[in-house]
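Remarks on the structure that follows.
Per-chain residue numbering starts at 1, and chain names A, B, C and D are given in the order in which the chains are listed.
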Amino acid sequence: DPMPTSFLGSALRGTFFFIFGLWWSVRYPLKYLRWKANAESQPSHGIQRVEFFEGAVKAFFALAGILVEQFVPAGPHLQLYSPETHSWTDLTHWHYTTIYFFFLLSGIVDVVSHSPLKLPLGLDRLSLSVALFIEVCFHDYSDAALDYHLHSLLAMAIFAGALSALLEVFLRDHVILEIFRTSSFLLQGSWLWQIGFVLSPPWGGPGWDQTDRSNFTFLTMCFCWHYAGALAVLTANSAASRWYVGERGPRGVPAPCTSWDGQE
Amino acid sequence: DPMPTSFLGSALRGTFFFIFGLWWSVRYPLKYLRWKANAESQPSHGIQRVEFFEGAVKAFFALAGILVEQFVPAGPHLQLYSPETHSWTDLTHWHYTTIYFFFLLSGIVDVVSHSPLKLPLGLDRLSLSVALFIEVCFHDYSDAALDYHLHSLLAMAIFAGALSALLEVFLRDHVILEIFRTSSFLLQGSWLWQIGFVLSPPWGGPGWDQTDRSNFTFLTMCFCWHYAGALAVLTANSAASRWYVGERGPRGVPAPCTSWDGQE
Amino acid sequence: DPMPTSFLGSALRGTFFFIFGLWWSVRYPLKYLRWKANAESQPSHGIQRVEFFEGAVKAFFALAGILVEQFVPAGPHLQLYSPETHSWTDLTHWHYTTIYFFFLLSGIVDVVSHSPLKLPLGLDRLSLSVALFIEVCFHDYSDAALDYHLHSLLAMAIFAGALSALLEVFLRDHVILEIFRTSSFLLQGSWLWQIGFVLSPPWGGPGWDQTDRSNFTFLTMCFCWHYAGALAVLTANSAASRWYVGERGPRGVPAPCTSWDGQE
Amino acid sequence: DPMPTSFLGSALRGTFFFIFGLWWSVRYPLKYLRWKANAESQPSHGIQRVEFFEGAVKAFFALAGILVEQFVPAGPHLQLYSPETHSWTDLTHWHYTTIYFFFLLSGIVDVVSHSPLKLPLGLDRLSLSVALFIEVCFHDYSDAALDYHLHSLLAMAIFAGALSALLEVFLRDHVILEIFRTSSFLLQGSWLWQIGFVLSPPWGGPGWDQTDRSNFTFLTMCFCWHYAGALAVLTANSAASRWYVGERGPRGVPAPCTSWDGQE
């Protein structure tokens, strides 16, 4: 078994957050440019459709995650208590199921918020914030020192995103908050990959030395470099969006959305 | 004695918070729908009467709680120092008396806020917030590990409610904050029942194993499920309110309040 | 020596904070009533004179405190390093000198803010907040358990006041924040008296048992009762102000200030 | 070697922050006076040029710091892993390189914000805040008790500045926040000098006694005195600015900027 499950799990989770970060790093700069081009315009149907679509993708991924956690061969298959051993089944799978469930909920709230059945504005941000707070508060730490250190750094990235989403409940469409949330998602995504490589390398082997102090210092720096990388990705995507808009003129900004609100 | 006092106490406290959560999960969606229907309208006498009534019920429950804590057979009967043992009487009863006293105060402030003698707006939310902060800061934790874990989770629910009420001092009538406060009350209510079942089951017996680590993980997840349940209750009640209003038309929204403000 | 210095010090500090709390519990309700009576009026010269006077009293008390700490017989007499013992002199006196210095600064800022040389609005609240944060961060805790517990509770009262003053930088003249700050000063004042009685009773004797757990629980409750007492004082003074204004009519509100702004 | 590197490093870092504090303690009072003199005026080109220049200086210092850390004789010369010892090279230099990198980034954002390619307002404050948070979170503490204490106090100064810069994202051009940030930079600067003197005196010798408790108390007070000193510097510079403006009349306020916006 050259590729242990925990690497795969960490990498898949990381990919989910990284893709969302990438998507937002294109979407929010475009939204900001469009808003600057015609400051008086209302949020159009186009944006609402994009958020509807985002919510659906989030809900789909979360549901897929729940099903995978439950029905992998080693999973609990929806069983919580094992009668033969008179104890709980392996609760790690249930743990991730619970966390994914709140992301599923957040996706559903996004979808319903932008359906005709309008919910109060800000409920979508609150539900994202709740999902992230639940991810950060109820993460299960191993007792191993390096594992704990890596997950503490992860917790900082998640917490930054949760706080940013919470502030967006009150300061909706604040471009700085949206950019900061985007960077925190990119950081969380790439850091989950890093955790996978450090704790259970895909080429097998025992992972890094849990007792070497210099590994701690190195990984702390590494976390900062991941953030620098996240900011580089964000900058590159923003610049590309700006260049694309500059090429096509301000009228071109809503282009990727035109297909969505053709009926307007 | 098949049903120990501490289960009863926990369940009664839980019921109090759950009933308030249930009531708000009907009231706030209706208020939001009414506000959307005629955005220009002032908060009417009807709403003020409802808040007056809420305060009176809160004060009544708190006063009842104080009397019960003091005058149950094992209670201190308002005695603080026991001259025969030269020590304090059992301070647990006094502890709950103190906590209930601040809820009594919060109820009285609600009542007075909506009396002709108008207090500054926001004092009712501040007094609720103070009562919740006192509940969370001065809760007496047992030294037993599982007990401590359960009460830490409870503290999170109370703290969320306290913070939400504090923000409402500055952002009054913010529907997201009201919904969040409602969900925190529902969570606190159902979690107090859960604590009762885990630590002192009503069918007797010794409670759960305080040393089994998997119980900790299970109860952490359980807390998340309680929150999911609270959100489900909130959603169901909101949907029912919306359906009820949809049946009767926007004019029907203030219906449950009409009897209150007939003199308008 | 029946009345040890530390009781006297604690009581004098407590009196300072309590007097400020009492004064504000009259001033802020009157200000609120005046503001309600004629909502359009600007903050008059009268109020500015009162704040000038408050700052002067604060600075005077702080300066007196500094002089007393330095020049009591056991004090350091402005000497920091003792050449004969080759060590620092007793730093406790210097510690209080430092804390008082920031209250002196806050008083001076109050005075200068309301002089013709106008400072930016909010600097007076910021300087009060800084003084309180320095009081809370740099308090010297004894290692004795009960001492530590009492000072932790004190720190909560100071912190509440500091946070409230900090918020007032951004939300100036917010009546709820002013009332909350007032209640925190009353609490801090009465709790400093309580600390004096517990740790070094004025009638001599060894203070309370530092190891009895029930003392901890009792004093925690006691802290809540002090807060209830502070709220009672605040309510009584507000009611008295309102009654006084009701007797004299809205024109009567500025009465206590009339003598100050006779030249208006 | 009478002047060990760590003193020099601490002193150079301190000088950087102190110079920025000094510069702001002149700039922000002038800006406030100008704003008071003609409240209706927009932020002119002059101010934007100053911020451009500030960003360039910040970026230059940060880049210089990175190069010095990497290419001093004992530095890693961009090498992260030493193949001969099969371990990481000395990571302290890399640590400072990482911290300086985020200040470099903050400088670049300042420069780009005020270039024709306009970034969203507030991104410059966010990037400064991120740099300070990274400085405070990822500082490497020694295990020695006094060292830890000194760096905890430093962390408070940095954290105050980071929080202030974060608030400025939302409350831009708030004079109180600008003054507070200035005072935190002055404090951080002078405290870095103090740390240098205590831990590695430039005249050689072993540094202060790490085990003497009275040193801890003394240095805590010393930190407060540094803050008092920072406030004194700030007050003196503000007073000098005001006097200078008073001499030249309100028209004189933009004087130091006139050379910058001659083309207006």
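In this text, a contact is a pair of C-beta atoms (placed from the backbone, for glycine too) under 8 Å apart; a residue touches a chain by one contact, two chains touch by 3 or more.
Just so we're on the same page, UniProt names per chain: A, B, C, D = Transmembrane protein 45B.
Bear in mind that the values here come from a model prediction, so they are computed numbers and not experimental data.
Enquirer: What chains do subunit B (Transmembrane protein 45B) and subunit D (Transmembrane protein 45B) have as common neighbours?
Expert: Looking at subunit D (Transmembrane protein 45B) and subunit B (Transmembrane protein 45B) together, the chains touching each of them are A, C.
Enquirer: Can you report the angle of the rotation that maps subunit A (Transmembrane protein 45B) onto subunit B (Transmembrane protein 45B), using C-alpha atoms only, to the nearest 5 degrees?
Expert: Fitting subunit A (Transmembrane protein 45B) to subunit B (Transmembrane protein 45B) on C-alpha atoms yields 90 degrees.
Enquirer: Regarding the subunit C (Transmembrane protein 45B) and subunit D (Transmembrane protein 45B) pair, does the interface count as same (over half of residue numbers shared) or different (under half shared)?
Expert: Under half shared, hence different.
Enquirer: Counting in whole Å, what is the centre-to-centre distance of subunit A (Transmembrane protein 45B) and subunit D (Transmembrane protein 45B), each centre being its mean C-alpha position?
Expert: Taking the mean C-alpha position of each chain, the two centres sit 33 Å apart.
Enquirer: Subunit A (Transmembrane protein 45B) to subunit C (Transmembrane protein 45B): how many Å between their CA centres?
Expert: The computed centroid separation for subunit A (Transmembrane protein 45B) versus subunit C (Transmembrane protein 45B) comes out at 47 Å.
Enquirer: Touching at least two other chains at once: which residues of subunit D (Transmembrane protein 45B) meet that condition?
Expert: Residues of subunit D (Transmembrane protein 45B) never touch two or more of the other chains.
Enquirer: Which stretch or stretches of subunit B (Transmembrane protein 45B) touch subunit A (Transmembrane protein 45B) in the complex?
Expert: Subunit B (Transmembrane protein 45B) reaches subunit A (Transmembrane protein 45B) through residues 32, 156, 171, 174-176, 179-180, 214, 217-218, 220-221, 223-225, 227-228, 231.
Enquirer: What residues of subunit B (Transmembrane protein 45B) sit close enough to touch subunit C (Transmembrane protein 45B) in their complex?
Expert: Interface residues on the subunit B (Transmembrane protein 45B) side: 87-88, 91, 94-95, 98, 101-102, 105, 120, 122-123, 126, 134, 137-138, 140, 169-170.
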